[in-house]
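So that we are looking at the same thing, I have put the structure below in structure tokens.
We call the chains A, B and C, going by the order they appear; numbering starts again at 1 in every chain.
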Amino acid sequence: MAALYIILTASVIAISCGLLGSFLILRKMALVGDAISHAVLPGIVLAFLISGSRDNIPMLIGAAVLGVITTLIIEMLQKKAGMQEDASIGITFTWLFALGVILITSYTGQVDLDQECVLYGEIAYVPLDTFNLSNGLSLGPRALWISGSVLLLIIAFILKGYKGLVLTTFNKDYAASIGISTAFWQLAFMSLVSLTTVVSFESVGAILVVALLVAPPAAAYLLSQNLKKMLWLSTLFGILTAVGGYYLALVLDGSIAGAMATFAGVLFAGAWGWSKLTSKHSGTIPVTDKKNISTFF
Amino acid sequence: MDIRPDCPAIEVHNLTASYNRKPVLWDVDFALPQGKLVGIVGPNGSGKTTLLRNMMGLMKPDSGYVNLFGKSLDEVREKVSYVPQRETVDWDFPASVMDVVEMGRYRKGNLFKRLSKQDKILCTEALEKVGLLDLAKRQISQLSGGQQQRVFLARSLAQQADLYLMDEPFVGVDAATEESILALLTQMKSEGKTVVIVHHDLQTAYEYFDWIVLLNTRLVASGEKEKVFTPQLLQEAYGGRLTVLSRIGDLMAKQDFPLREKEFKEAKGTGDGKTY
Amino acid sequence: MEKLIEFISFSNPNVRFVTLGTMFIGMSAATVGCFAFLRKRALVGDAIAHAILPGIALAFMLTQSKSPWVLMGGALVAGWLAMFLIEAITKNSKLKPDTAIGLILSVFFGLGILMLTSIQHSGAGNQAGLDQFLFGKAAAITPSDLKIYIAVGLVLLALIFLFFKEFKLLSFNPDFASILGLPVKRLRFVLSSITVLAIATGIQAVGVVLMAALLITPAVAARAWTSSLKILLIIAGLFGAFSGLVGSYISFTAPQMPTGPWIVMSLSAIAIFSILFSPQRGLVAKIFRQRQNRQKILTENILKALYHLGENQKSQQNYFSKKQLLNHRKFDAAELNKGLKILAKKLWLIERETGYKLSQTGLPEAQRIVRLHRLWEMYLSERMRLKADHIHPNAETIEHIISPEIEHQLLHELDYPELDPHQKPIPY
């Protein structure tokens, strides 16, 4: 039962991350997502300190607000101080993360969080913390309930806001030209990303949530011709990541979250190889303008 | 040279705009006629795209304003269609040709609803007009540059607008496509539509357009092409920047100087009319 | 206070190692980081830092040794591999750089965590100390560590000194560098190798997660103060070293405090201060300049208004009241008072109960403004072909910014005109 709960929770988180991550990478904001996942740390610590518990929903939302503020700080540094994008992301998340670590060490004992949990979560303990009715009946892990609700929220948002989300992702200027507020969609979307990171934090930690945000959608992106297929594939890869990661961790006796990230990487490698193979056979010409992009030092 | 049409499609009033506080457009003021093919022509960095973005409300000007059909953009938005430069979007986006064309039917009012049958018919017709119906299901990354440009045109046609603002639609397009786009534009004109095109190629500008706006960070001329295409005006537009103007622009950016004093920021038209 | 003296005196050998170690690490990373910053590779650096983790774990698994040299070797290999993969993915797929960076960063890190926890659980050896790479182990720097940090730091500095010109060209204009026939590929290899080296040592102070700050934040802070690459490297290096000092001091006075995060907090504070207060690019200086601009515009407008009023009455000796000034131009009453006060202080105008007039020193100033306004109107109408009824708002602003050199050029280009487009005389 514990194994099932762990896999179920991990799958739900991976699906949430995969759906949002698909739009994140299409918006070329993967690294903003990375920054948010680090920057919510002080928010989470403060939420713990104030509420004294880890599942107070208003507190989770409060922590998520910090993630949204992070995106605003990054944007402000670029616009007001004329800073380049990579530097503004880099300095913002590092100082917020440092602040979070300092808060944790300052209030050890009051905060049920340690540095390891920050890095790779405690999904193995998820089944222990259950949601109980007043008559003592257990309804399953609390984390599953919370992340499940967030997943439903994300699905509702994507279903209802599909057109707005797609339009502002594909062609911002055009969206603005027909009178759609790109700022609104950006804010709504980043709020959800932020909320998802906060909720996933406990299970998979700050950095590995990035693996779930980026790897399954990246693999899906390479194999999809249309967005709907990409979203479905992301979901599928998310579930595979959860299952595969769990058993990989079992075999190697290591961190489940670490194994999930590793497995996601393996899935990506497979998708990349597959896309190379098939594109050679079908003879399509990918039209990419990458003349000047280099990531090498 | 600044010829004023009656019943203009677009009026630009004293428009001053800047990037990073550096002025790119200086007091540009002109009006464009309805039902014509208009070319906005000028050398690189002369502010053509900036002008178009200001017309479309995508940038906030430092002073001045633009009227479309005598009204503000928000009042006539559904009658105006904007075609951005092809390179401004990522063509690797997982979408089909039809997906993109359907965006032409998106409105503020139907954003949360499904497209109607009528919308879909309009999209199919638009694709047929640009000759891409057989590629409707194709992923957009598998199109050639010319085909991608035609997808954008189809999206624009699907908007059913009266005024079309297009940013460099002939860039990176093969000769055959260029011809077919031009034929399409001519047809649109015959239906009474107004098409404004940012264009950098002086050679073809005279051949393509009825009305030409010559721009070089300031308005050099606006009028029927026969009157605008004079050696003197062309020399003025392409013969380099005015050095004093660029020096002042640099100074303003460096010293964080406002482009307009506040009393003149919102001033519509000609300021307070006093002469000092 | 005693603590401070004890710290400064360096009498405690442990303090000595920690402080010198973090300072050297901070300096090396900051200096090398300047190039990462200029080449817009800040987050590639972040990815490399994360990716080093599995390299360290693997090196330990293979050799069962915790020798810094062995671990460093593993780190270098993994860092290089990560950089290579990011480049390969962006070049050979439709993925964009941000996705490739995020992917490699998180997957490598996950792999590292998996290996570390697996080693830990299998009890395959005493792995204690390996997890210190996660958050850094500044507080536990040993003399042999210190030797390595100093050696690495000196090698990095020597290479930067040696290849300064080449790296500079590579950072600002790589295309030009290859036109000049420089071996760009080999230079990039050297530069990326020393970056990986700096990261591999740096994570021992602040850990993998915060390494990006050590690399990039000093450069961001230094950039606010200078535009010269040489000075940038020096200032960034000093900021890096200073933050190392601050971090070790704080963990010395409060031993439970982690050194790494405090180093980063100190760096961030320096960066925020620099962004706000540097004299050229700082936000405060910018606001101050804008305030000064507004004041200049206000006082010059008052001078001009007084001149116009005098011009209308054909005498600059008459006094004009505030009311007359307000009738002439829509000043804000409070601003007008403020401006008049500033001008009176400068002795550019003379105040009586009946009003104000331009003083002997104020008159030439007023003439200058009016001259610039009318000259500029001339320019607008002659050169820019603006119609006479359109030129005024533009000239209202530009008159305040025309420098003497530009005025000279204007006069020359317009050939010293006597009348402006509205047929008003231009005062010389």
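The definition used in the following text is that a contact is a pair of C-beta atoms (placed from the backbone, for glycine too) under 8 Å apart; a residue touches a chain by one contact, two chains touch by 3 or more.
Just so it is clear, the structure is predicted and the values come from calculations on it, not from any experiment.
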Exercise. Go through the assembly and pull out the chains touching chain B as well as chain C.
Key: A
Quiz prompt | Per-chain CA centroid nearest to the all-protein CA mean | solution = C
Self-check item: Inter-centroid spacing, chain C versus chain B (mean Cα positions, whole Å)
Solution: 36
Quiz item: Roughly how far is chain A from chain C, going centre to centre by Cα mean, in whole Å?
Solution: 30
Practice problem: Averaged over CA atoms, how far is the centre of chain A from the centre of chain B? Could you give it in whole Å? | Solution: 39
Exercise. Would you mind listing the residues of chain A that make contact with two or more other chains?
Key: 28, 82, 221, 286, 288
Practice problem: For chain B, jot down the residues that touch at least 2 other chains. | Solution: 90, 92, 141
Quiz item: Which parts of chain C, given as residue numbers and ranges, touch two or more other chains?
Solution: 94, 96
Practice problem: Would you pull the chain B residues touching chain C in the complex into a rising list? | Solution: 1-2, 14, 16, 26-27, 29, 63, 90, 92, 141, 218-220, 242-245, 247-248, 251-252, 255-261, 263-264, 267, 270-276
Exercise. Give every residue of chain B touching chain A within the complex, in rising order.
Key: 20, 53, 56-58, 74, 77, 80-82, 84, 87-96, 99-100, 103, 106-108, 111-112, 139, 141-145, 148, 155, 159
Quiz prompt | Residues on chain C engaged by chain B in the complex (per definition of touch) | solution = 94, 96, 286, 289-290, 293-294, 297, 301, 304, 308, 330, 370, 373-374, 379-380, 383-387, 389-394, 396-398, 400-403, 406, 409-410, 413, 422, 424
Quiz prompt | chain A to chain B touching residues, read off their complex | solution = 26, 28, 82, 160-161, 163-164, 166-167, 169-171, 173-174, 176-180, 221, 224-227, 229-230, 284-289
Self-check item: Residues of chain C touching chain A in the complex
Solution: 35-37, 39-46, 50, 83, 86-87, 89-103, 105-118, 121-122, 131, 134-135, 188, 191-192, 195, 209-210, 212-213, 215-217, 219-220, 256-258, 260-262, 264-265, 267-268, 271, 275, 281, 283
